[in-house]
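After this come two complexes, each holding subunit A, first together with subunit B and then together with subunit C.
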Partner chain A sequence: MNLTLSHLIALLPLLIVCVTVIVVMLGIAWRRHHVVTASLTTIGLNAALVSLLAVLTVTPIRVSPLLLVDNYAVLYMALILIAGLASTTLAHAYLEGFDDQKEEFYMLLGCSVLGGLTMVASDHMLSLFFGLELLSVPLYGMAAYAYRTRLSLESGIKYMVLSAAASAFLLFGMALLYAESGSLAFADLGARLTEGGGHASWLLMGIGMMVIAMAFKLSLVPFHLWTADVYEGAPAPVTAFLATVSKIAVFALLMRLFMSAPVTDIASLHTIVAIIAFLSMMVGNLMALRQDNIKRLMGYSSIGHLGYLLTVVVASDDLALLTTGIYLITYVATTLATFGVIALVSSPWQGSDVASLKFYRGLFWRRPYLAAVMTVMMLSLAGIPMTAGFIGKFYVLATGVEAQLWWLVAGVIIGSALSLYYYLRVMVMLYLHPTEEEQYDASSDWGQRAGGIMVILLALAVLVLGIYPQPMIMLVSSAILG
Partner chain B sequence: MMLPWLLLIPFIGGLLCWQFELIRPNTAMPRWIALLSMVLLLVMALFLWVSGDYSLSQVVGNTPDWQSQFQLPWIDAFGITFHLALDGLSLIMITLTGLLGIMAVVCSWKEIDRRVGFFHLNLMWVIGGVVGVFLAIDLFLFFFFWEMMLVPMYFLIALWGHESEGKSPVSAAIKFFIYTQASGLLMLVSILGLVFMHYTQTGVFSFDYGILRETPITGVMSWVLMLGFFIAFAVKLPVVPLHGWLPDAHAQAPTAGSVDLAGILLKTAAYGLLRFALPLFPETSQAFAPIAMTLGLVGIFYGGVLAFAQTDIKRLIACSSISHMGFVLIGIYSGTLLALQGVILQMVAHAFSAAGLFMISGQLYERLHTRDMRQMGGLFGRLGALPGFALAFVMASLGMPGTGNFIGEFLILFGAFDVVPWVVVIASAGLVLSAIYSLILMHRVYWGPPREKTTIARLDGREYAMLLSTLVLTIALGLYPQVVLDISQGAMHEVRHWFAVSPSFAG
Partner chain C sequence: MDLAAQLAQNWSVGVFIVAVLALCTFMVTASALLGGRAWGHNKETPYESGIVPAGSAHQRFSVKFYMVAMLFVIFDVEALYLFGWAISIRETGWTGLIGATIFIFILLAGLIYDSRVGALDWVPKRRVQPDRVHQPAQRDQADN
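Moving on, here comes the complex of A and B:
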């Protein structure tokens, strides 16, 4: 296959991020400078984001059998790049107090973003696996970046062990599918499978194992045990990255797999996914009820949220694709801003993160706008109108009602009712009378710094999209139809 | 167009209050801004009241008879529009909202002394949300405001609330929020079910009330969808098995919060039943009417007994609301024009009398620092005019002729008698209970030997004016209820029409 100019354009975001990683690496080797390294990364990621506009002129296009760059991929690429950028800005403020080498962090982050970009464009088992590993392996390093603190190291190692187990499942599942169908491309695979003739139980097992691997990455029940510890231990900007980029990439891929390889025909698989979804909603929200550590709380709440979103995988229709995009956008904006606030309060790094709920008591009376941002985020996570989270939840419910998945709809309602309890607890904590205990605050000029501006922009976006979601809906639907 | 301004004034006013506090703390400015926006809201509502023509719209067609409308595109993919409309029913509710908004601002003038700006932000946004509920006729928009107004109410209770019997206001606020939000989600699912039903029949997505009203639904589905709406409204009204949040929320809320809760938030539920549950599901609602009326009866008696057993004065008034709302439920589901008109009057009158009683308990609390009736007693001679006002409002609340409450209850019972005589007979017996708990309230707090000889601070001008104007409104409503009835006539006629389409139910 010849590589033409349009193929190169389609690969532009990947290439730019590659170049960024290499430049950052060489820069570190030549001379260490924190601000320069962070700026280089930011410029690189922004350039990649801008290059997506050029990519849109050539989509949809297949670049080698491995990658399919269509509007769907471009949408999630943009989301991943934005999440990567947000994490970079947060990391910059956060790492200023870090008492070890700061610069390698940005290289790891760039590699991980590259993996995410590959994943959302992959149309082949090989690129899927390649992307997933490229996404995950730097994340071990990032989670354990503050390796002198026990929690961070523990979180890195836990994530590594469980990720490795998930990869093993994924590879075995792929092998089984390959043995049955003789192809690794999604479309081929789907076609061969619908022709029939294969052994149904092997197919089910193969796809089942792949779903298990994805469920590990998405931290769905019963593969969720790593979540709270990793969320708690990893430094706040890393948690922000982990909670957004890896979820976007894996979920976008899962949807593509379910839509293009018609595993829809296997009813038992759908039942299994539905059970996983229902359990995630319940367990995630129930476990979050008693948490006093806001990072752990967010970890469990993410389990619940991914459970809601899994409803669309069970439905697997056109509305489901739309819902995936909308829910991921709203969830990512909300999660980023939440961890952004945590990172800002914990910046600069002083040995550990300010994650215990009691430190946030009375934040509103000291940093009103920062607390207002956090309030909006909690409301958005709880799905209250006037925030983007409500639009996301509305679409999930609409998908559920349309596909008549009443159990899952009931699960979403019960889960939301449960989740209110802990979101409100966090929210009211910000407004109560401050106690005499030791206080942690974001530095008083937080609003003028990159991380602060980013958090405020995200909060505004969450509010605007909650009140006028039309542009977001147009964007996502054009990405699906295009 | 005035309708969007009705909505925007409270929201903008609230933001201004907050910003003023951030720029310059410890000024009375937020109070004045809040008062001004409420007065503006009331004036606009009164202008609409005077300039509109609500009584003559007797022609019931397929298009609802709106006095004015406002429509903007919003979410095209689902056919959701930003659609506001006003008829007599919504106008009465909005005027009431404006009036009670003023009361709420004025009665917290002294009570709230910390974080004044933020308090008024929340108060204004509750009012804004309520106005939105009364104006929205796109179901998505309705739900939007329905849920949105919970957040500021949550803050009002959680942050400015009082401890009561060892329970923190935060837990009461969370209870309130979870009850209403979870039931609200049931309504959202019902709305979606209705929309998709309409979509499969016509191929068009729409959330518009006027369009969805035409969707014929039968069978199990109509029961499920109707119950989704009913449960959401029943939690807010409240109907007895779902009332658990109400006594706590009322008892722990600040005075302004209680006034708003009892005066307008509860009324959004009755409004929802009248506007949405009945016209959208007429047949099912009729089949459901006996159950709803039974629930109403249970509410009348259970609320009365509950009120009788309370020692906290605000909890007593809160429980009496449950009892009063039982009458409203019976009136709504009996479906005759007379009863429906009675429901409107009862809602307005109850808003005034409950607001008056809550303001009085707030003033007692400011003076005595307790709401426990066992520690009161013999206050009649020691408080100046306050006990006199209390007596008047208690009489209003038990339905004394000459007050609006009497007209409301009388019309409901009289109107429903044709349809369900036995329900009316039993409900009338409930009036006795209301006399008992009202007199107990008077007796425990004001009569008996005084505990001390000293006089307690008398009412100041602000408090006096507030109570007097509320009392005047209550009595005016009792003497000349036609003012309200004229406005609601058209809207109630339409509800009755939709509810009584089936010939089995002579209205």
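Moving on, here comes the complex of A and C:
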């Protein structure tokens, strides 16, 4: 294969992030400087984001057998880069008080973003695995970045051990699929599946093992046990990154795999994915009811949300890709702003995060804007109309109803009803009168920090998308057509 | 494909799994039932009729050994990738050469980074460090 200019343009975002990581590494080697390192990362990620406009002129294009850069990939690349930028902004404010080497964080973040970009463009098992590992391995280091605190170290190790187990499942599944189909490309695999015959049970087992690995990364029941601990222990900007980038990349890839290899036509797999979705909605929301730690609460609520989204995989119809895009955009905006507020309240780092719910008591009387942002986010997560979360949930319900998946529709409704309790509980906490206990606050100049501006912008975006979602719907539908 | 056909196709795997489990169970139970068991003070030592071990098995090695081992493995594996390029150097032409050059320069950048952060120094310069083992902050204790 010859690498032409249009191939290089298609790879531009990947190349720019790659160069950013190396420049940041050499910058650290030359002289350590927190602000410069953070700025370099921000510039690099922004440049990659801008380069997506150039990529749009050459899509769809296949770069080597491994990567397929189409509009679908570009949409999710943009989401990943925005989430990466938001995490960088939060990390800058957060790490100011960190009493160890701060700069390597941005290197790990860049590598992880690179993995996510590779994943959403991958059309081949090899690039899938490569992207997934490049996404996950830096995340172990990021989760354990404040490694002198017990919780952070614990979350890093837990995530590493369980992720390694999931990778083993993924590899074994791929090996079985390769043994049966003789190809690692998604398209060939799909052709082999529809053809059927022979050793269909081995194919099924291979797909099943891959689903286990993906379900682990998406923290779906029964592979969810790590979620709450990792969310709680990891520093808040890392949790924001983990809850967005890793979920977007894995889900976008899962949809691409299932669209090119229509495995959900197989009855048994269809049933299993539906059961996983229903259980995730129930278990995630029920477990979140009793949490007093806002990061754990968000962890369990993310299990529920991914359960809602999995309805789309079960349906696998024309509406599915549109719903995935819309739901992921709204979920990412909301999650980023929620963890943004948590990170800002915990910034600068002082030994651990401010995550216990009682420290948010009366936040409104001290930091009205921050509390307002949190309120909008809780409403959006609960799916109240006028917020982006409602649009996402509406599309999930529409997909479920159209595919006549009544059990899952019932699950979404029951889950939403349950979730109202804990989301509103957080909101009530924000407006109660503060107690006399010691208070933990965002440092008073938080509004001047880039992080503060960012969460306000995200909150505005959530409101605007909730009231006027048409541009977002147009964007996503144009992305899935190309 | 119905169940009977699947069974016909995969029965040997099932038999193998059952046979493995059966063999393990047989070996453990049979030796427990038939074999004698001697008890004694010296039975508990690591080498029953050998040299009495001295000291603890939990020796502490300097973390530097692991660091060097890791760096060696990383650069060794990366050098192995170059063999793939070396055998096809004529076929890949200029594109291959440029690719390999970029790869080698990235490795060089990594090496510079390693040496600058002191990963290659056997005896690191003593840095002025605060007491950085964090006690749980007050707010954590308040939770309990």
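The definition used in the following text is that the second predicted complex is superposed on the first by the 481 of 482 C-alpha atoms of A that agree within 3 Å, B and C clash if a C-alpha of one lies under 4 Å from a C-alpha of the other, contacts with A are read in each partner's own complex, and residues count from 1 in each chain.
Going forward, contacts are C-beta pairs under 8 Å (C-beta built on N, C-alpha and C of every residue); 3 or more make two chains touch, one makes a residue touch a chain.
Source: prediction; values computed, not measured.
**Q** Looking at A:Arg150 after the superposition, I want to know if it touches subunit B, subunit C, both of them or none. Which is it: first, second, both, neither?
**A** Second partner only, subunit C.
**Q** By the touch definition at the top of the document, which applies to A:Ser6: first (subunit B), second (subunit C), both, or neither?
**A** neither
**Q** Looking at subunit A, does subunit C or subunit B touch more of its residues?
**A** B
**Q** Name the contact category of A:Ser201: first (subunit B only), second (subunit C only), both, or neither.
**A** second
**Q** In the superposed arrangement, which partner chain does A:Ile28 touch: subunit B (first), subunit C (second), both, or neither?
**A** After superposition on chain A, A:Ile28 lies in contact with subunit C alone.
**Q** Show me the residue ranges of subunit A that touch subunit B in the complex, using the header's touch definition.
**A** Residue list for subunit A touching subunit B: 322, 365, 368, 379, 382, 384-386, 390, 394, 397-398, 401-402, 409, 412-414, 416-417, 420-421, 424-425, 428, 431-432, 468-470, 473, 477.
**Q** Please output the residues of subunit A touching subunit C within their complex, sorted ascending.
**A** Where subunit A meets subunit C, its residues are 2-3, 22, 25-26, 28-30, 99-100, 148-150, 199-201, 350-352, 354, 356, 359, 437-438, 440.
**Q** Of all residues in subunit B, which touch subunit A in the complex?
**A** On the subunit B side, the touching residues are 22, 73-78, 115, 140, 143-145, 147-148, 150-151, 154-155, 158-159, 170, 173-174, 177-178, 181-182, 185-186, 188-189, 192-193, 196.
**Q** Using the touch definition up top, name the residues of subunit C that touch subunit A in the complex.
**A** By the definition above, subunit C touches subunit A via 1, 6, 9-10, 95, 106, 109-110, 112-113, 115-117, 130, 132-140, 142-143.
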